[in-house]
Amino acid sequence: MMLNAENLVKTFPGVRALDGATLRLAAGSVHALLGENGAGKSTLIKILTGVHRPDGGRVALGDTELHMSGPLDAQRAGIGVVHQERNLIPGFSIAENILLHHLPRRFGLVDRTQMRAEARRCLGLLDLDLDPDAPVSRLSVAQAQLVEIAKALSVDSKVLLLDEPTASLTGGEADRLYGIVRKLRDNGHAVVLVSHKLEEVFAVADTVTVLRDGRSVAEAEPLAGYTQDQIVDLMVGRAYSSVHLAERHVDPATAPALRLDKVCTARGHRDISLSVRPGEILGLYGLVGAGRSELAKALLGLDRITSGTVEVRGRPVRIRDVGEALRGHRIGYVTENRKEEGLFLDQTIARNVGVTVWRRLAKAGLVADRAERRVVSRYVDRLGIRISSPSQLAGQLSGGNQQKVSLAKWLAAECEILIVDEPTVGIDVRTKAAFHELIAELAEAGLALLLISSDLPEIVTLADRIAVMNDFSLRGELVNDHDYARMSQAIIRLIHGAPSRPPTGDEEAA
Amino acid sequence: MSTGTTTAGRAGLGGRFKGVSARPEFTLAVLAAAGFVVLAVATDGNLLSRGTLDAFFRFLAVPIVIGLSQMVVLAIGQMNLSVGALTGLCAMVAAWLMLEGGLPAPLAILGALGVGLAAGLVNGLLVVLTRINGFIVTLATMTIIEGLRYGVNGPDTFQGYSQGLRDLGSTSLLGLPVVLVLALVVAAMVALFFGRAVVGRQLLATGGSPFAARLSGVSNDRSIVIAHGLSGLLAGVAAVITVAASGSVNSSIGDDLLLPSFAAPIIGGVALAGGVVSVVGTCLAAFLVRLVDVMQAQFDINPRWIDLIVGAVVLGAVLLGTVRQKLSKRSS
Amino acid sequence: MSTRTATPPETPAADPPGPRAPSRMPLWANPRLGLLILLLALVALFTALRPAFMDTTLTLVPLQSDISVYAVVGLSQLAVLSLGHMNMAVGRMAAMSAFAMGLAYDRLGVPLVAGLVIGLIVGTLLGALAGLIISRTGVNSFVVTLAMDFALVGLITILYTRFTDGVAFSGLPAGMDALRNDTFANYCTGDVCGPYIPLVVPIALVAVLAVGLLFRFGRLGREILMTGSNEKAAELSGIPTRTRVVQAHALSGLLAGLAGFLLAANNGAFSARIGDAFLLPSFLGPVLGGTLLAGGAVSVLGTVLGATLTQVIYKGLNLLQFQLDQLNLYIGLVLLGALSLDRVRHVVAERRGARA
Amino acid sequence: GCTRKSDDTTTAGASVRTPDQVKIALVPGGAHPYFQPWKDASTKAKSDLGVSDVTFNETSDWDQTKQNDVLKSLAAQGYNAFGVFGVSPENINATFDDLKKQGFPVSSLASCPAGDVDKADFCLSTDVQLAAYKAAQAAIEAMGGQGNLVHLTGNKVDSNTQRRIAGVQKAVDETGGKVKVLQTVTDVDKDLQTAQKAVADLLAAKGDQIQGIVNTAYNPAVAAADGVQRSKLPIKVVAIDDDKTILAGIRDGSVAATVLQNPVGQASVGSYALMKLAGGCTMSKPGVIIDSGSFVVTKDDIDTYDKDRQAKTDELKKSFDSQYLSCK
């Protein structure tokens, strides 16, 4: 065994994140580490890389026990990592970010030439053609992710830990990454892969450890012995069965709740026309960077609309800010980036959900806590958010529950038109299914939903119609027949078959 | 937004760390040059006379060094409110060592630098050990240092210490006062430190993103202690310059340094959030503020108007920066 | 159309234990309580060392007046700390308000309350101006208010030299004297007189209650806090964040103005020096009271306790008759000690698994 | 209804105290070299007068609020007679009022309240206008009776500064146009560095037009003496007070003259009168303003000036006995 972590225990204030987790890695293998949101995967990885110190258990590399007091110790021991969150220094160049933990130096000064050469070599491993001197603040999310991977590869590590490395990568980029993962495995390295995308996991991993509530329920078993369903059952902890989403029927004659006609924006959107009816889900598909979130934000008045018309319930409107969208037109927007834009992590759940309804609840400018709690608990129950009390801090919730909180706030505001942006990124299988059910229910209840997603199966499962966007313009619209194979082909063809795409050199769009 | 290669490779020292562009320094340089020319013309060339230039540059040294002293802590996203009082304390200690301690000037200088460094390190250690915001810690230590500064000699003035040191303070080298040359050398060293030294880069990493820095093996605690220590050391340098250039010191020294210490880096384009420094910008900003000073003497303006003007200039510079940023964003 | 989904949870109890409730916070972990204990300890210490500390007219009454002023000064800073901002111009906003009040009383001869209102409006406008610049340009509040402080310092001197002979207004309205000198003990119904509480105390109390109410229950206050907690998310939740920034700074200006008034009442003149010494205490009160500089959370009660603590320290050290150098030394040390104590409490509380 | 209790405390406390019951507090506005002689004078007064205590407390930090606090703390400590340099002359009367209400004798030392009213028992201070006038005269004499004069002084928003400016102007006016005030630089007494910078800039800008500099504040005086010497310009500097830096300047010629005030006299005579007042004497004219004297000192009388000052002090004490105080 190359790396052994046994009976790890880690407690955060109020949460026992790890409760006797064990991970055994063999050289020359790709090891999948799976589990629901909050199962403790990232915590385990952080312990293995010296970010957290375990409260109990031991970590050994080969025969020697490791006592790491910081990330540097892990690097010295030959453990490389790509964390779930992005961790680049914004003002620094790509090269410096890649080599920050062991800057080549001469007389205490940074040796720039060597740094650049070294960085180029690492980028080359990923076939990335980026200028090592460019500042990372210019990179797209996907590029930044790739740079982090290059950074992990810069140490010649025996063990490489990847925590959801493909969450913001396109299919092509992910494939390239997995190519390298296989190469590393063949060279005798051990790679740990954390991912919620089970298809990818099954395609690349050899062995698997499944965490549930901080305990390992499967320890270093060969993956070949399992089906995807069995793995999911393990993660969830009980038999897992299919249910059907009820068929929904939308009368095509219903007047659209939201209609865009030839909308152009200051951001560069060109002639976007689409419409959503009450009770309908319009899927808006595109690759990362296609401009969908930007379109949603322009609709809410956060970016300038330069021409075209936006109609809400048949009346042309001009929305200046989110408050107006919410109170004037009952439009809500569930953001794609819940940690930065969706939630107030250091505030209570009650405040997080209540923020949209205070205006309604306030008497003489004062909001009674009781009235707020009443509203909050209604939506907490309705969405099945698992919280210990409404005064728990939002930051203490697991990813899925956080996502539900950011949805709850818009339901509480009684929105009729809801834009949902990447609702299930980084969310485990079970929660994802629950979310899908929820979204379908909302549509059933008569909401008009615009579902932005880069997850093709998700779109095909949920949407009634699918609009495909690329490079800030609409490529076409399809009626969804829920046949995954056919729909996905049609969509991909729309994206790539489109003629006039100016060459921009964007890696992620390639 | 332009893609591909960026300006990081452009510009020499100083401009380099701005990362995004060297333009803020450029604007400042143009402003400084224009201001200087206008003032020279307006005073019928008096500004260019030997005496005036000498006074202009001699009293530019301390603002530069004190601005750098603040900048070093701003680099890690903190503030040091004790710089002014500390400069005063170091100056008093240096004078005390020479006059009461009977030490030769070089030893007294070392003493002052040592006191500055030690006080800075204490600041840093307090921040690290107590986890209290640096702003608050230095607020408290400022009070303590004020007490110590007064304790050295009460309200009385030290005068008549080492002739050599005072001569150094008033001689010129190639037309520039030695003290300014010293300040510029210090500035160049600070620029080198942040631009090329591994430790300096680590400080900036801590300022830019503490968590990411930690994951890359940078000890943020160490960065904090180093930054505060360096800030204290620079306050010590400012004190030495003061002792040399002014010929007399008392416990009021440093009282007027706190605001300028912020003004120079902030006008110079240093972000309070940390992770960005600009040595050139800081020096140019100090130059600009000094121009305003001189303007006051030349035209007999009520000093209170100067406060008003400096306040307006800082606001204006800041607004200009924002406008420029917006424009450059729009144009790309 | 079908998707896989979990069987509906049988019973909630069968669910694996979710995030456990954070264990109840032990009483001693409450930062306000710690502050209170420290305060009582200091009072006991000073009283033991100098019995004069309990002298009603010479110590306790002036102490209350001072606390009133500095509690309001602390609240003024707290109003923007809620956003994660700073107001470096508190003192100067107070001075400008005081100037307006003095001018109104001296030149227009307006009654007490009218002048107060005029001054408060000036303070509010100044704060709003700072807020406006900050929200429009996105420039750090520290920079904007620092520059504003500089500009106002100049302006105030110029105005005072222009409008007064010395640097203070001589005309004071009726009632100002009573505010300065009287306690409720001066007012009697029959034989029953009020307690030894200066008349300025209720004014400060109203401010404390109003600000407390605002941040605890007020929609406006809550939205300001949310803006401080995460501006982006606040904007995307329909909060007009720019307006909230302006309002928080306006509130800061208003409270600074009120503090200026209280100080003028205590000192007996509207002069240019009002507010000179506000900056340090304005931070000490809230920070000692547990308000973070990061924004999103405030403690009004803590601010009052923090202000009380600082004033008690000053008073006690004054009574101990330290000389100037020692005085500053000890004030700094006691403050550092008080701050570190809070930190120790925090760490211990965390170690015991409680969320402080 | 609610009635306001009449203020009967005003006179109640004005009890008669024997010297050994008197505790005098001398409270300057803040730390300043000028007040340092008070320290020794207070020790001396304690033994000379046989009072219980004379203390010196300079912790006011140039902040009226803090000074009020300091005064009240001292009162709580049992001090019952006060000699105060008010931080802000504009509202120091309110503070005096407070102290008087407690029945304490109060004297305004080294500075008088602004305006015409003095709520203290008496004000014993340098007549700043007269001192400035003398200083300007000395400067004019040193300049040879003609040329341009520059006046460096302190906080512009201070009534004493205004009086100093008037004093300088008066002396200049008397020359009938031969001497002009080229510039009055205010607000340069805050700290030494500001003063040094201001002097350097001033000399650089107009050094060759200036024949004399008169200082009516401490830091500029130190800075001007030093700056002129350094620039080697033929400018006559008149300084203020007899801090050892300035005396050294007079000896080496960089300072033409200095105008002394009488801090020792203020402290010792002030303490004496306070003791008398506490012992039951009253002022025959409450709120009277008494000049404690100012003296021009040049190189010639540098070794003897203290005698004059001592004589003035003795004279002051006598006039208190004969003229200002009325004792039963």
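As written, the chains take the letters A, B, C and D, and residue 1 is the first residue of each chain.
Just so we're on the same page, a contact is a pair of C-beta atoms (placed from the backbone, for glycine too) under 8 Å apart; a residue touches a chain by one contact, two chains touch by 3 or more.
Worth saying up front: this structure is predicted, and the values here are computed from it rather than measured.
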Chains in simultaneous contact with subunit A and subunit D: B, C
Most widely separated chain from subunit D, with each centre as the mean of CA atoms: A
Chain centre separation in whole Å, for subunit C relative to subunit A (CA means): 42
Approximate Å spacing (C-alpha centroids) for the pair subunit B, subunit C: 31
Approximate Å spacing (C-alpha centroids) for the pair subunit A, subunit B: 44
Intercentroid distance (Cα basis), subunit D paired with subunit C, Å: 37
For subunit D, residues that touch 2 or more chains besides their own: 31, 156
Residue list for subunit A, restricted to those that touch at least two other chains: none
Where subunit B touches two or more other chains at once, by residue number: 150, 302, 304
Contacting chain pairs - touch in the sense defined above: A-B, A-C, B-C, B-D, C-D
Residues on subunit C engaged by subunit B in the complex (per definition of touch): 133, 137-140, 142-144, 146-155, 157-158, 280, 283-284, 287, 292-293, 324-333, 335-336, 339-340, 343
Partner subunit B, residues of subunit D touching it in the complex: 31-33, 35-36, 156, 183, 185-188, 190-194, 196-198, 200-207, 219, 222-223, 226, 230-231, 243-245, 248
Footprint of subunit A on subunit C - complex, ascending: 1-7, 15-23, 213, 217-220, 222-223, 225-226, 229-230, 232-240, 296-297, 350, 353-355
Interfacial residue positions of subunit D with respect to subunit C in the complex: 1-5, 7, 31, 55, 57-59, 61, 63-66, 68-70, 72-78, 87-91, 93-95, 97-98, 101-102, 114-115, 156-159, 162
Residues of subunit A touching subunit C in the complex: 11, 13-16, 38, 212-213, 229, 232, 236-245, 247, 300, 302, 321-323, 325-327, 333, 335, 340-347, 351, 355-356, 358-359, 362, 365-369, 386-389, 392-393, 396-398, 409, 413, 429-430, 433-434, 436-437, 461, 482
